[in-house]
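Next come two complexes, and both contain subunit A; in the first it sits with subunit B, in the second with subunit C.
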Partner chain A sequence: MSQRSISVVKPGLETTVQELPGRIGFLEQGFPVSGPFDAWSFRQANLLVGNDRDTAALECQFLGPTLRFDCNAVVAVTGADMRPSLDGVPVAMWSSHVVRAGQVLALGPAYSGARAYVAISGGVDTPVVLGSRAVFHMAGVGGRALVAEQVLPLGVAGPTTLDAPALTIPEALRPRFATDRRWDIEALAGPNDDWLSPEAVEMFFSSDWAVQAKSNRTGIRLTGPEFGFAHRAIHKNSDHGQEPSNIIDHGYPLGAVNLAGQTPIILVNDAPSTGGFINPFTVASAAFWKLAQAKPGDILRFRRIDRAEAGRLRAELGRVTSPGVTALA
Partner chain B sequence: MATKRIESPLPGVIYLSPAPGEPVFKAPGDSVAVGDTLALVEVMKSYMPVEADQAGIFRGYLVETETVLEPGEPLCELEV
Partner chain C sequence: MLHDELRFYPGGDRAIEVELGDGMDFTLNFTVHRLVAAVREARIAAIEDLIPELASFQVNYDPDRISYEDLTAEIARIYARIGAGASGSLPSRLITMPVWYSDDQTAACIEDYRKTYPDKRTDPDLVCEMNGLADRAALARLHSGTEYWVAALGFWPGLCSLLPLRPRARIFAPKYNPPRTWTPKGAIGIGGALTCIYPDRTPGGYQLIGRSPAPIYDGAQRLPAFRDSLALFRAGDRVRFRPVTQEECAQIEAEVAAGRYEHDIVEYQVFSVDRYLDWAKGQGGRG
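Let's look at the complex of A and B:
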């Protein structure tokens, strides 16, 4: 049997192969978990094409790729609206489409949101590195972003695919993108909120934070008001460093709001696992998809939640990305 | 002669000069050749050039530097 594959005509802007749960178990060696930034859209794309929801698929950022299919397949595009077309004919997002060998799927720029996902029946079958196909582009772990003329091997598709009726995700079950450029982000205080003044903790949860263009899969960099610090941040052992936001090197949780001087940077999928800045707040994993879809200039407001609510949100995200959420188109 | 509006090819922050304090890429009346850089779009810590795909005479920018533009929003005008 010949290898199924797709060929990259135009790579888009840093399009990568991503897979869940990501590269687990190597944080202590400095390998981030990677994986899809918006796991909600990613999993629904996989479900639409009959894959296991965690199967390797493409993450497209801000400007999507153009792909030529070397075999028949079922595809779905979810996430940011990149106005996909098949041989020049527009096709619906959040729906499955049969693609014949030789056809070309083209994505444009992101008209809403920032990241789109392209799932293909059988999944992308690039080599597994340290337990995952997820790409950490900056260090070239698991591969890098797509380049023109690259051929991506696909896995073996299930038996049902090509003859199966077209599927869609009902609108009520899709992630809802902000239309006013404002996003409510659920976050927890800690681990280092006691290094800030109590006023600064309140200020964080009551202020507008603008997403900088200097944001990527490593960190979402924010602009906003100045932080005040607690006594312990200012009067501390010199081992911790000179700046109030310095602390002796420690582990960084995924989703940490890392404070470098006065600039908060949310540490996301490709972030470093250790360093010497405090992490006064942590974004709930169920809110990551919103960080993935926020564009430069969008405003984040943080809503304080506790661990129990973070767990409930996580469970809810699991439910809307489970088999059975698809409907006949 | 016709006026052509050049749009931002992707969402991001627009810069009208190569670096802070430097002159803008094009001033009204400048000639534009295919491939000339008209502006930079910053997204994901990278700067992508917006290049002219047609030759003409530059008429002017329609936005200020550091404006956040969506794809399809007009950036500048050319006489082609």
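Let's look at the complex of A and C:
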């Protein structure tokens, strides 16, 4: 049997192969976890095409790719609305489609949200590097962003047959994207909230934060009010550094709101593993997908939650991304 | 300085920062690595990643398999069992890195930054001034006159944080504010009391004093030193810097390009923590 594959006609804007759970166990050597930024949309795309929900698929950012199929396959596009078309005919997002060898799937710019996912039956079968196919584009770990004329190998498709009925994700189970460009982001205080003044902690949870254009898979940069610091941030062992937001190098949690000077940067999938700035807050893991879909200029409001509520949100996210959420189209 | 007990700081619902003390010194960092090794040996299935750092470590965990309370209690129990402090011996590789101090590429990088920030003092001169060193030659002598302890890896694949083992060789430098947008691959930087080697062209904030032509990261694993790993260093290795001329730097670069370069790695040494600390005390250091 010949290798199943797709060919890249146009790469889009930094389209990468991503896989869950990402690159686990290598943070201590400086390798980020990577993986899909919006795991909700990613997993639903895989379920639509009959894959295990964590199978390698494509993450498209702001402008999607054009792909030619070299074999028959089932495909689904989820996440940001990139108005997909098959041989020029518009096809629905959040639904499975049968694609014949030779057909071309084209995605455009994101009309709502920022990141779309293209899952293909059998999954993308690029080489596994340090336990994962997830791409860390900036350092070229697991490959880089797609380029024109690249051929992507596909894995062997499961029992899904090409005459299987089309599936969809009911609207109530899809992630809901902000239509007014305002997002409520659940976040927890810590690990270093005690380096800020109590007023600054309050201020963080009651202010509007604008997403800067200089945001990507390493960090979401925010613009907003200035932070005041606690006594310990100003009167400290000189090993921490001179700036109030400097701390002795430490680990960086995924989703941490990292404070470099006065600029908060939310550390996301491809962020540095360690560094010398404080992390006063951390976004709940079940809310990461919203960061993936917020566009430059969108406003984030952070809502303070505790670990118990973060657990409930995780359970809810687990339910809507489990087999059985698909329905006949 | 070690805390009396561990301090736990939750980082969201999937990570915990475990702080052992306050400061950058060998004893504290060694205790971090001992505790991380013991936590790793306990094989707690819910732990996904452990990141040892200078004075703390981070645990990433699956909160659906273990609670924050149970995990912190377990780590505290392990610490109570192994105790604080540094003693014993461990195998420790000694890796010698060639360095062209005050090289052309870091000089160009510094000048590039100074186009935007003309008041920025040139890095090696700033470091000399802050540490009472007569000139760049004195800086190169001091910097290359000690072994370094690989205290942590992170920020970028393979990037290492090095603590000087000779107390008198502790060189201090402030970090860039704002940081640089780029740094030459192989650049040697000083920030706080640490030295780092930049594995690739990355952003950065340490003061640049030279450049090594020997790679410390190789995604393609071409050179023999990278047969088993993409990154050269492991925590607990020791590093020494050997000053080289522009000519030797170019020669090593040619060997690297041809895939022939062999890193200078001594594999047979055992590092005695007790003897090191005795020696450091005699040198007037705090270890």
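Following the convention adopted for this analysis, the second predicted complex is superposed on the first by the 329 of 329 C-alpha atoms of A that agree within 3 Å, B and C clash if a C-alpha of one lies under 4 Å from a C-alpha of the other, contacts with A are read in each partner's own complex, and residues count from 1 in each chain.
Following the convention adopted for this analysis, a contact is a pair of C-beta atoms (placed from the backbone, for glycine too) under 8 Å apart; a residue touches a chain by one contact, two chains touch by 3 or more.
Nothing here was measured: the structure is a model prediction, and the numbers come from that model.
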*Using the touch definition from the top, say if A:G297 reaches subunit B (first), subunit C (second), both or neither.*
first
_subunit B versus subunit C as contact partner of A:E243, first or second or both or neither_ = second
*Identify the partner contact of A:F62: answer first if only subunit B is touched, second if only subunit C is, both if each is, neither if none is.*
first
*asked:* Per the contact definition in the header, classify A:Q29: touching subunit B only (first), subunit C only (second), both, or neither.
replied: second
*asked:* Taking the superposition on A as described, I'd like to know which of subunit B and subunit C A:L188 touches: first, second, both or neither.
replied: second
*Return first, second, both or neither, reflecting whether A:I266 touches subunit B, subunit C, both chains, or no partner chain.*
neither
*So which one touches more of the residues on subunit A, subunit B or subunit C?*
C
_First, second, both or neither for A:V141, with subunit B first and subunit C second_ = second
*asked:* Applying the document's definition of touch, where does A:V283 land relative to subunit B and subunit C: first, second, both, or neither?
replied: second
_On subunit A, the residue positions that both subunit B and subunit C contact, one per complex_ = none
_Of subunit A, residues touching subunit C in the complex_ = 21, 24-31, 33, 130, 136, 139-141, 187-188, 190-192, 237, 239-243, 246, 248-256, 260-261, 272-276, 279, 282-286, 307, 310-311, 314
*For subunit A, which residues count as touching subunit B in their complex?*
13-14, 61-63, 108-111, 114, 213-216, 295-297
*Could you pull out which subunit B residues touch subunit A in their complex?*
9-13, 42-46, 48, 68, 70-72
*Which part of subunit C faces subunit A closely enough to touch in the complex?*
1, 9-17, 19, 22-24, 48-58, 60, 63-64, 68, 152-159, 161, 174-175, 177-179, 191-194, 199-200, 205, 219, 229-231, 235
